[in-house]
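The following blocks contain the structures, represented as structure tokens.
Here chain A shows up in two complexes: once beside chain B, once beside chain C.
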Partner chain A sequence: MKIKAQVCMVMNLDKCIGCHTCSITCKNVWTNRPGAEYMYFNNVETKPGVGYPRNWEDQEKWKGGWEVDGSELKLRTGSKLGRILKLFYHPQQPELDDYYEPWTYDYETLITSPRRKHQPVARPRSLITQRRMEIKWGPNWDDDLAGGDSARSDVNLKKIGEEIALEFSDIFMKYLPRNCNHCLNPACVAACPSGAIYKREEDGVVLVSQDICRGWRHCIPSCPYKKVFYNWKTNKAEKCTFCYPRLENGLPSVCTDTCVGRIRYMGILLYDMDAVKAAAKTKDSKEIYANVLGLIKNPNDPEVLESARREGISEAVLNAAKISPVYQIIQGWKLALPLHPEFRTLPMVWYIPPLSPIAKKFEEKVYLPNSEAMRIPVKYLAELFTAGNTQIILQVLQRLLDMRTVMRCKEVGESPPQNLEFDAYEYEKMYKLLALAKYSERIKLPAGVQGKTHEQLRELQGSAGYICPGGFC
Partner chain B sequence: MSGFFWTALPYIAFATLIVGTAYRYWTGERGWTTKSSEFLSKKSLMIAGPMFHLGLLMAFGGHVIGILIPKSLTDGVGISEHLYHIISLAGGIPAGLLFFGGFFLLMRRRFDNPRMKVNTSTMDGVIYFVIFLTIVTGFGGTLLNAVGLLGDGFNYRECISPWFRSVLAMSPDAELMADTPIIFKAHVFMAMITMILFPFTRLVHCLSFPFEMFMRSPIIYRRK
Partner chain C sequence: MQGKLDLLVDLDFRMAASALYADVVLPTATWYEKDDLSSTDMHPFVHPFQAAVDPLWEARSDWDIFRTLAQAVSKVATEAKLPIYKDVFAVPIQHDSEGETAQPEGKILDWSKGDCEPIPGKTMPAIAMIERDYTKIYDKWIALGENIKKGNGIKGLGWKSDDLYEEIRPRNGIIEDKNLISYGLPSMYTAKQACDAVMGLSTTTNGKVAVRAWADLERKTGLDNLTDLAADRQSERFTHEMMFEWGEAMSVYKPMLTFKPLKNPLKQTKEITLKFLTPHNKWSTHSMYFDSQQLLTLFRGGQTVWLNEKDAAEIGVKDNDWCEVYNRNGVVISRAVVSPRLPRGVMFMYHAQDRHINVPMSKISGTRGGTHNTPTRIHMKPTHMIGGYGQLSYGFNYYGTTGNQRDIYVVVRKAQEVIWHED
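On to the complex of A and B.
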């Protein structure tokens, strides 16, 4: 057993209102530079839909993630030699139009226009070519299903077949905020020819070294979540950093900090690094979820703690792990699930699947529906979160429903139903963490890991970043 | 003047190439990239990119053989001048066609698409012009020579190649270049200009090859 610490995020989709505040604050902090205009390290998608970039989930097209071939765990994008042969033209590489062409508006015409019969108009202008352009697609074009055309081409819907009708009476949707998953078995790291992408040993954050990166771009198709981006100006790869400068000071990422619905939880997990490969390699992708739970170790187990100390994990990190809200949600109550575990990268951003309104056919009969009587088809959620295992989804949804039942009973003075999975006290705790928890309860990160004083940090200002300091760019 | 071109300039070119590249590496590694533009214009790269680079590698290989292997060696193993000529043209003409054709397609792609403008710097323009002249003089000279327009007496293996080897041996003999046709002189000159500009352009990408990737483990952990 070799214990490592991982900063981990849980998103409670039950509470996501799709406001895009996470995307906007992230953009303002990280990607409002030339070359990065089109990037959203964090974006919110409406599901069903094609997402950003378009059809990112379709690995037949992009060859992202890992596959098991016999007893070997291999990148879907090909062998090392095969990848090198894609040197001069890479067929699976996404291009700008797979995302969208970023634009601004000619706001100046609004004030400089001479007096005319009609109001002046701020026309769109491309941020790439600086020419006038017609806007045909944007990073969130299919927000709230927007006409339904792109919803029909959702890969997950195609996989579960025609059982799901997009009839108006039974239509459903949900939001899916996405950022880099800081995977335990990251395909981008494995695919990088230069070895520029690495997992930070102290907190598991996956970063791209801007110095070592040579712009091979093999990370981009191989990340099945399409969360590594190519900066067309610096010609290097960039990705979500989990806001590591904030993490080092005990603060959560900006998306977590600013989340209006307070859906995001951040904390430390301890995992067994030696067992990662075996967990990803299992034949049946439906087992991956259970395997990952097996990797995540109990932070109160003395044996785990001893091994962690041997690896040099500091007491501050271990203490944070002991009170980690994400451990409680993922391992304690088993409410959170990884997005597309079948990609085998073992993502470390987890999702609590959302409850949804009662489907029409059950409507008259019930007050609180069963987990299978809700609008969002369980099969659809299973495609997203459990590689098609509906059993796990039903269990998780039932736990959330049971929690509501218990709290309702408490409110109206009834005695809660017997034979529930947990006792009433546990459901109350669950309710408190999921519904009421304040900032300091949702986020438990170790402070003071940075080891640099404020003055030292100030001196470093301007010495790091994405812009090339030596010229030649 | 020819003394400068054929005795001093080659050393200036080599020195700039080596020192400049090292300087670029140590001071500007963050800018060390191929400046790939596949992201901005993918379809137009599908044929042009591999075609140009394949032609380039073939042409480079041909130059290595033609310049570094002395005529006496091929004569010694019994390859006649005529046979050598046929072999070199059989490799050189396709290489030149791929190289030049690919270059043409890439340039059309680069200057015909407004998006590509954001990926093209002034230095890029300069180096494309230099490469263009290098290819035109090299490929043109080869073709002219093949049809006999440069006169019977000319054989680059009796002038350019020994001169280049004399440069490598640190005793440059400018006399060897005296009777070389002007088009080949221009070609050698443009090649030296390319070497001088090389460290300060996107061409440095050809020095990056991921040797370590074949040895390392897939997942990398690194301390801060």
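On to the complex of A and C.
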């Protein structure tokens, strides 16, 4: 057992209101600069829909992530040799139009316009060519089911097989915010010919070294979530950094901090690195989720703590792991699920699936629905979160419904039903964390990785802005 | 610009439609650049702002702008030697006053037809006189006048406020210029002083004052436990004859009238008539933020109108096609969002998308396409003008005739041409 610490995020999709605050704040902080205009480290998609970049989920087309070939785990984009031959041309490289051509407006027209016959307007101009542009696609073109054909092109809907007619009476939709998953088995790290992408020792954050990156662009198609991007100005790869400068100070990522719906949770998980390969190689993709749960370890188990300390994990990190809200949600209550586990990268951003309104055909007969009576088809959620395992979805949704039942009973003074999975006290804790979702309870991060800086303290003191002997400090 | 408006002045920090059509635009500070208060009568709290940075160039807080205007007007009035004017005007029967009992049986008695005696404040609006001294507007603007010492009140309740006034004096400082009529009164020169004055007087921000208001309510009702009053609102049932005539004595469903949106639709190409609804936009707070590049990028980059897929198919409109949406009131020219999310027979134009971003000209109207309010027209609904009957009485900026301008139909067709006219 080799214990490592990982910063992990959970998103409660039951509460996401699709406001896109997370996208805007991330963009304003990280990607509002030349070369990065089209990048959304964090984006929010409406499902059903094609997402950003278009149809990123279709791995038949994009060949992202891993596959099991015999007994070996291989990148779908090809073997090492195969990829060396594609070094200068990668056929599954997404193009700008798969994302969108970024634009702005000639706002100055409004301010500098002379007296005219007709009111001036600000018209769109491409941020790439600086020329007038017609807007034909955007990073969130099918928001709220805009453009029915986009919803119908959703590869998850196609996989379900049966005709899910998107008719007004039974229409369903949900929001899916996503950023880099900082996977345990990242395809991007494996694909880079220069070794420029690395997964940090101390917290598992996956980063691209701008010094080492040579712009081979093999990471971009390899990521099945398409969350590594190419900066067309610097010719290097960039990606979500989990706001590591904030994490190192005990602060959550900007998206987590600014989330209006309070849907995001951040905390530490301790996991057994020795078990990662086996979990990723699990033959039946429907079993991957269970095997990942198996490698997430109990932070109160003395054996786990001993191994962690041997690996040099600090007390602050261990303390954070013990009060981790993400551990409670993922392992304690088993409410959160990984996105597309069949990609085999073992993502560390997890999702609590949403409840939904009662389907029309059940409306008259049902008061408190069970998970099968809800509008969002269980099969659809299974395509997203469990590689098609509907049983797990039903169990998770039932836990959420049970929590509602218990709280309702408390409100009206009835006794809760017997034979629930947890006791009433546990459901109240669940309610407190998920529904009230206080900032101080959603985020439990250790601060200040002090080791290195402590040694260099003498050199660092008072040196900001001053030139030290031998050059800049 | 033709029409009845002589002068339009806009205090704004965005060059959106209001500023484009104004004669004068005065640049105002944004939220982090000023001291101010924000609230509404629906909120039991107040948001005070404090300036974090200075506004740019000559932009300043709204309070400062009005003070500057007051100073200019007073100067001109003094130079022109304007005398004190006496104005007579009608005051509507007020909300939360005894005047609400003016029509006890819900029957309209019209004094001008001889049904009753004309009694100001009872059977007709009250008549009041006010003195206007234009040379002193500035003097009065920068100070808190003494009238408030006589007492304050709202919603039919009153309380004393002379001590509160005296507390504001040392807190804010006084007007020190002997030449002004407001010499010695508490200063409200700066926006911060104005905010402090308001917060010292308001029941929302000064607990002492809230207690007084409740105490007055206790006196008036003879009750101690006032939360009992919150129950049992009779506001859902009306017995005024005008409400009966309109069939609105109780909340009932009234289907939309089927009337033609205009006498003769153009019929130059396939068209469809849809009900026009204008829900709140997710990409803006009314028109605020809609024109920000970040938010425009997150959807379609300009005005959109939503319609059902099958309705769109009937007129040959695909997703993102330009459409003309028109009726007797005006024309909108916008790109279509075709979706199964809407029912048939309906068009949504979320408000407010303004009309200064990516809006072409319309051949039908000969001018630039309009906004969500272009196909609508304000109808003054008679039931809104009842007055002097319970809570249906006038209250400034609180209850008064609002327009009802939905229940509108529009004719939709694929745009014939998209022209921009940058002349």
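Just so we're on the same page, the second predicted complex is superposed on the first by the 448 of 473 C-alpha atoms of A that agree within 3 Å, B and C clash if a C-alpha of one lies under 4 Å from a C-alpha of the other, contacts with A are read in each partner's own complex, and residues count from 1 in each chain.
As a convention for this text, a contact is a pair of C-beta atoms (placed from the backbone, for glycine too) under 8 Å apart; a residue touches a chain by one contact, two chains touch by 3 or more.
The model shown is predicted, which means the values in this text are computed figures rather than measured ones.
Once the two complexes are overlaid on the shared chain, A:20 sits against chain C while remaining clear of chain B. In the superposed model, A:439 makes contact with neither chain B nor chain C. In the superposition on chain A, A:96 makes contact with chain B only, while chain C stays out of contact range.
Common to the chain B and chain C interfaces on chain A is no residue. Residues 15, 17, 20-21, 282, 291, 293-302, 304, 306, 308-309, 319-320, 337-344, 355-359, 361, 367-368, 420-423 of chain C are the ones touching chain A in the complex. Put simply, chain A touches chain B in their complex at residues 4, 75, 80, 84, 87-90, 93-96, 128-129, 131, 185-186, 189-190, 192-195, 197-202, 210-217, 230, 232-236, 276, 468-473. For chain A in complex with chain C, the residues that touch the partner chain are 18-20, 23-24, 27-28, 102-105, 107, 110-111, 116-124, 135-136, 138-141, 143-151, 166-168, 171, 173.
By the touch criterion given at the top, residues 24, 27-42, 45-46, 49-50, 52-54, 114-115, 117-119, 200, 205, 208, 210, 212-214, 216, 218-224 of chain B touch chain A in their complex.
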